[in-house]
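Here the chain labels run A, B, C and D in written order, and each chain numbers its own residues starting at 1.
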Amino acid sequence: MGGLEHATPGILVTVAFAVLLLLYELRRVERGYRHFIRRIPGIDAVEGAIGRCAEQGRAVVFTTALTDVGPVLYACLGVLHAVAKRVAGYKLKLIVPQYSPEAMVIVEDAVRGAYNDAGRGAAFDPQSIVFLSSEQFAFASGYMGLVHREKAGAAFMFGVFAAEALVLAEAGQQVGAQQIAASVSPEQVAFFICTCDYTLIGEELFGASAYMSREPVQVATLAAQDRLKLLFALVIIIGVLGATLQSIYPTWSLPTVDLFFTTEWSSLTW
Amino acid sequence: MILAVGIPVFLGYSRPPSRLVSAERMYEVMAKTEFKPGEVAMVWLDFGPGTLAENQPQAEVILEHLFRRRVPVVLLSQYQQAEVALQRVPREVAKRLERELPDQRWSYGEAWINAGFRPGGAIFIQALVNASDISKFLGRDVTGMPITQYPNFAAIGGVERVKLVGEVTGLTGVFDTIIQFFQKGGYQPTVVHGCTSITIPEAYIFLDSGQLKGLLEGIAGAAWYSEVLKQHYPKSDNTKLLVVNTALSAAHLVIILLIVIGNLVPLYQLLRQRLWGSHG
Amino acid sequence: MVTINSSDQRARLIGIFTFLGGIYFFLYFVLPESAISFIGVKDRHEAISNGFIVIGAMAIGLGLFNLVSAHGTRIVFKKIGWVYSLALITGLVCMLGVTSAQWLQSLALSAEQQRSQIISEFAQRIIDDADKTTATLTVPALQVRVDALKLYGFEHLSVLETKLLGQRGASSLLQHELQKNIATVREKLAQLDAVSWGELSPGSATLLKEVVTSGAKFSVARGAYLREAAATTTVQQLYTLLYEGFFNQLGSAMFALLGVYIAAAAYRAFRIRSVESALMMAAALIVMLGQISFGRMISDDMPALRQWLLEVPNSAAFRAIRLGAGVAGLMLAIRMWLSIESRSFSAGKKR
Amino acid sequence: MDSTTSWGLVTTLIGGVCTLAIFSFLLKENPFYRFFEHLFIGIAAGLGPLLVLRDFLWPKILEPMLGLTITTYPDGTLSEPYQPLYLLYLVPMAFGSLYYFIYSRRHAWLAKIVIGFTLGTSGALAIRGFFGEVVPQITGSFKPLVVFSNGELALFESFNNILFVATLLLVLNYFFFSFGKDNSAQDGSPGTLQSRMAPLGRPLLMICFGAFFGSTVMARLALLVERVQFIITDWVAALSNVVGIG
C-alpha cells in the first residue's frame, strides 16, 4: 500500500460511520436512553479511600496536575464532582491544588456544584481551590509542602502528568495517604503503579468519569468509541483468521480484509 | 548516584555496549537504501536542551553514516529550540570526518543544507508532501540563500525523491506527525527514528507494522550503532559515546540496587515485628 | 418569540468558525486526488496551507505578552520576588535583542551574497528569455543584455577584489577559494567578447552556460566566506554565549534533576505491593538489564530476552492501548470540529 | 563547545555555574536556584517568537508581499513580476491577531473565535492523521497463528503470533466499558463474557508498563550522565585553564 493522502472509499465509509455513530449515540442519550457502563474496580478504590478518610477524619487532596482546559479535564471533573459530593456529605476538608489558571475557573465551578448537589452549598470554601504555580517543578514542590502540612488521608491524582508525577506520588506516600492515580500518559502510569494504591490506566479515566457523572456527552462518546473499537477488533480477528488460512493453504489466494481500507478509487471499475 | 556516574566518566573507562538488534537492522537499512543522483535524505532534528543527552549522539551517528555515503542531507526542524543543534551537529560530524580522512571534504551547501525551523507541524508536512518541487517549496536556507542555488539540492523535485526520512526527537506528538502525514498516494519513505528511551516501547509497534524501518533506542542504541559503524569504518571514533554509555549502565545498577534494598528493608522490619513482636 | 441572548449568539458564531476551520482539510482528505486537481486546488494547496500556519503564527506574542505583564507588574510594584522577575525580564530582553541583531546581520549578509548571485542568475535568465519563441515580456536586445552582464560582473568582481586585498590578518582557506572563483568568473565573462550577439547560437549559449555555473560556484564560495567572517563577530559570539552558555545548560540541568529524583524514588517510593507491581517490576528488570553493558555478566541472552519482551508482549499490549487512544482521539477530533462539548461542566453552562 | 577561544571558555564556565545553580534545588529550594530558573524561562520566551518571524513570517509571507524578493537585473529588467495575490495573506494575519483580545474582559469572546477556528483545523487534520497511523497498525496485526517455514511448523514464531494476537485482543477488551445488559453487572451478577474477560487484560498491561518503567529509567539517567560528564570533563578543564592549575 502506498502512502495515504486522500481517503480511499473504505476509509471514507469508516469516517462517515464514526461521525454518524457519535451523533446517533448523542441523540439517543439526550432522549433519555440509559447506557450500561460497567463499574470498573477503580471506582471502588475511590469510594474506599474517602470512607477511610471519614474514619480517620483526615483531609482529602484532589489534583488535576498539568491538565489544561479540554476533554481530559472534563473527564477529571466527572470524578472530582462525585468525590467532592461525598466529601461534603462526610463534612471532611477538601483541597484542590491547581496548575492552570484557566482550568482553575472551571474546577471551582464544578466543586461548588458538587457541594450544592450534596445540599451543603454553604460549606463550600473557595479557598480550598489552591493555585500553586504554572511552572512544572514549582507546582510539584508546592504540592509536596501542602500534602505534608495537611497530613492528607487520601490523595487523588487525575489527568495529564509529566516528569513531576514522581514528586507528587512520593509526597502522598510519605504522609501515609491512600493514593489513587489516573493518567492518560502511559510513561507515568508505570510510576503510579508502584507508588500508588490503585492506578486507573488510560481510558479508564473516561470510563470512571462517565460512570460517576452520567454526563451525556461523556457517556455518548464512550459508547461510540466502544462500538468503533469493536469494529476494528472484528477486522483484526477476520484478518488473523485469513492470514492463518493463507499460511496453512499457501496455494489459495484469499482477498485480505485490509483491501477494504487500501483499495483506491481508481482501481474500482464501475 | 553522582559517584557511580562520575567514576567511569572521570577515568574514561568504557565497556562494550549491549548488542541491540534494532540498531543493527537500522544499519542495514541505512547502508542499503539506494540514492540515485539528485535524490536526498531528509533528517529532522526535533530536540532541545532537555533531551540533548540522548538525541545528539543519535543525530551524530545518523549524519556520520549519511556523510560517509555521500548522500546529500536536507536538515530541518519542527521545534524552535533545535536551532543550535541544526547548526552545530553537522559541522562537528564533518570536522570529525575531515580529521579522519584529511583528503576529503564535507562542506555546507554540498554535503548538507540547513532549512532551519519550520512552524506549522502537520499543516507544514502535508503541504511539503504535496509540493511539486521541494527546493522551491523550502525557499531559503538558514543563511538566506535560495536552496535552488546549491547544485546538490537545486532540483530535488517531488517528495518521491526523498528516499530516507530521519526523525530524531524526544517530544511526544512530533514523531506522530511524521508517521501520519509524511506519505502520499504511491509513496511511503523509509523512516528511521532516534528516540529518547522513554518512548522506546511506543516505537516498537511502528517497527512491527513497517511504518518505521530503523530505531535507535536512546544512548544504548546510538552506542551499539557506533560499534557497528566502527566495524565497517575502523577509524570511526566513538570513545566518548562508549564512556557515557558505561556510566549510564553503572547508574542503572545503582537504581536496581536501590529498588531491591528499598523493598527488602520494610520486608525485614515487617518480619522482625511479626517474629519478635509476637515473642516480646 | 424566543429572545436569543448575546452569549448564545456568540457561542453559535464560534461554532461556525470552528467548523470553517476544519472544512478545508477535511474535504482535502475525503475527496479523491482527481477531484482535488479537477477543482484546481492542487497547486494552490501550499499557499492555503501557509495561510493556516499564518493564523497560528500570529499568536507568537501571546506568551510574551503574558510574561511581561505578569512579571512587569511584580517589578513595578516591588511585590515579593520581584528580583526573580527582573532576572526573567532581563533574560527575555537580552535574548530578543541578541537574536534580532543576529537576524539583521544575516539579512545584510544574504543581501551581500545576492549581489554576487546576480551574475549567474542573470546569465541564466538571458538564456531562458532568448530561446523563448514568443517573448512574453519585452526584453532588451541580446547584445545590450550581455554588455550589461559584463559591465556589472567586472565591476562587482573588482570591488570585491580590492576589499579582499585590504583584508588584515591571515587569509583563510575560504578566502583563497573565493579568489580562485573570482578569477574563473572574470575569465568566463571575458570569453563573451569572442562572439557576436545578434541572436543566440549554440556556441554562444554554452559560453553563457559556463558563466552560469562558475557564477553559482562563486556565489556559494562568497557565502561561505562571509559566514566564516561573521562567525567571530561580537553579535554571533553573544548569541552563542546566551544560547549555549545559559539556555542549553539550564535546560539540560533542569531535566537532569529527574535522574536524581528517580534515584531517590527508587529507594523510598518504588514498592512491590501487589502481584501487578511485581509483574511490572520483573518486566522492568529484564528491560533494564538487557540495555546496559553489564547485562552480559548475568547472561549473553539478556539483550535477546529484552528484544523479545519489547517485540511481542509489549508491542501487542501497547498497540491495543494506542488503538483505543486513537479511536478516542478520533471521536474527540469530531467533537472538537463540530463543537460538541461537555455542556454541563464548561464555564457559563446551561443546566 | 570549544573552550579554546576566550568566548568559548566564558560560555563553558557560565554553563557550569548554571548547572550547579539548578542542582542546588536538590538540597533545598533556594534563591540561587530560583534566579537561574527565572532566567531560563525568560530566555526561552525570548527565543520563540523571533524564530517564527525569522524562519517563516518574513521569508515566506512578508518579503514576497512587500516585493523585496524581486531583484532588478543589470539591464533594468525584473527577475519576476510583483504577485498581488500575496496581499491575500493580510486576511489570515488580521484574523490571527484576534488572539490578543483574550486580555480584554469585554471582547474576550473574539479570541475564542480564532481559538475555535484553530481547534477545528487540528480536529479535521487529526481525522486524516488517525487513518494515516492506524490502518498500517491494523494490517500489521494480521499475524498467522500457524507459521510454516519450508514445510515444517515453526513453533516459536507460531507461539509468538498466538501470544501477540491474544494479548492484543484481551487488552482491547479491557478498555470496553459500555457493553453488557443493564441489569447484569448492577446487581453483582457475573455479567457478559466480555466483562468477565476484562480483568485478564490488566496483568498483560503490566508487562507493557514494566517496559515503560525500564525505558524511563534509562531516559532520566541519561540526562544526569550528560550533566555530570559536562561538569567533570568540560567545566573542570575550563576552570583549570582560568585558574592556571592545569
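Some points to look at:
Note that in this section a residue touches a chain if its C-beta (ideal position, glycine included) is under 8 Å from a C-beta of that chain, and two chains touch if they have at least 3 such contacts.
Remember, predicted model here, so these are calculated numbers, not experimental data.
The set of chains in contact with subunit A as well as subunit B comprises C, D. Taking each chain's centre as the mean of its C-alpha atoms, the one that lies farthest from the centre of subunit B is A.
When every pair of chains is scored by its C-beta contact pairs, the maximum goes to C-D.
Between the Cα centres of subunit B and subunit D there is a gap of 15 Å. The distance from the centre of subunit A to the centre of subunit C, each centre being the mean of the chain's C-alpha atoms, comes to 35 Å.
Put simply, the C-alpha centre of subunit A and that of subunit D have 21 angstrom between them. Residue numbers of subunit A whose C-beta contacts span two or more other chains: 1, 3-7, 15, 137, 163, 186-187, 190-191, 193-194, 201-203, 206, 229, 232, 264. Looking at subunit D, one finds that residues 25, 37, 41, 44, 47-48, 51-52, 56, 60, 121-122, 125, 127-128, 130, 132-134, 136-139, 141, 165, 168-169, 172, 175, 202, 205-206, 208-213, 215-218, 220-227 touch two or more other chains.
Taken residue by residue, subunit C touches two or more other chains at 25, 29, 33, 50, 52-53, 56-57, 240, 243-244, 247-252, 254-262, 268-272, 276-277, 280-281, 284-285, 288, 291, 310-311, 314-315, 318-319, 321-324, 330, 332, 334-335, whereas all remaining positions touch fewer. The touch graph of the protein chains shown is complete. Those residues of subunit D whose C-beta lies close enough to touch subunit C in the complex are 1, 7, 10-12, 14-16, 18-19, 21-23, 25-26, 31, 34-54, 56-57, 60-61, 71, 73-77, 79, 81, 85, 88-89, 91-93, 95-97, 99-100, 102-103, 109, 112-114, 116-128, 130, 133-134, 137-138, 141, 160, 163-169, 171-172, 174-175, 201-211, 213-218, 220-227, 230.
Across the complex, subunit D meets subunit A through its residues 25, 29, 37, 41, 127-128, 131-132, 134-136, 138-139, 141-148, 165, 168-169, 172-173, 175-182, 184-186, 191, 195, 198-199, 202, 205-206, 208-210, 212-213, 216, 220. Touching subunit C in their complex are the following residues of subunit A: 5-7, 12, 15, 18-19, 22, 26, 71, 74, 77-78, 105-106, 109-110, 137, 163, 166-167, 169-170, 173-174, 184, 186, 190-191, 193-195, 197, 201-203, 206, 213, 215-218, 221, 224-225, 228-229, 232, 264-266. The touching residues of subunit D, counted against subunit B in their complex, run 44, 47-48, 51-52, 55-56, 59-60, 121-122, 125, 128-130, 132-133, 136-137, 139-141, 208, 211-212, 215-219, 221-229, 232-233.
Residues 126, 129-130, 172, 182-188, 198-199, 201-202 of subunit B touch subunit A in their complex.
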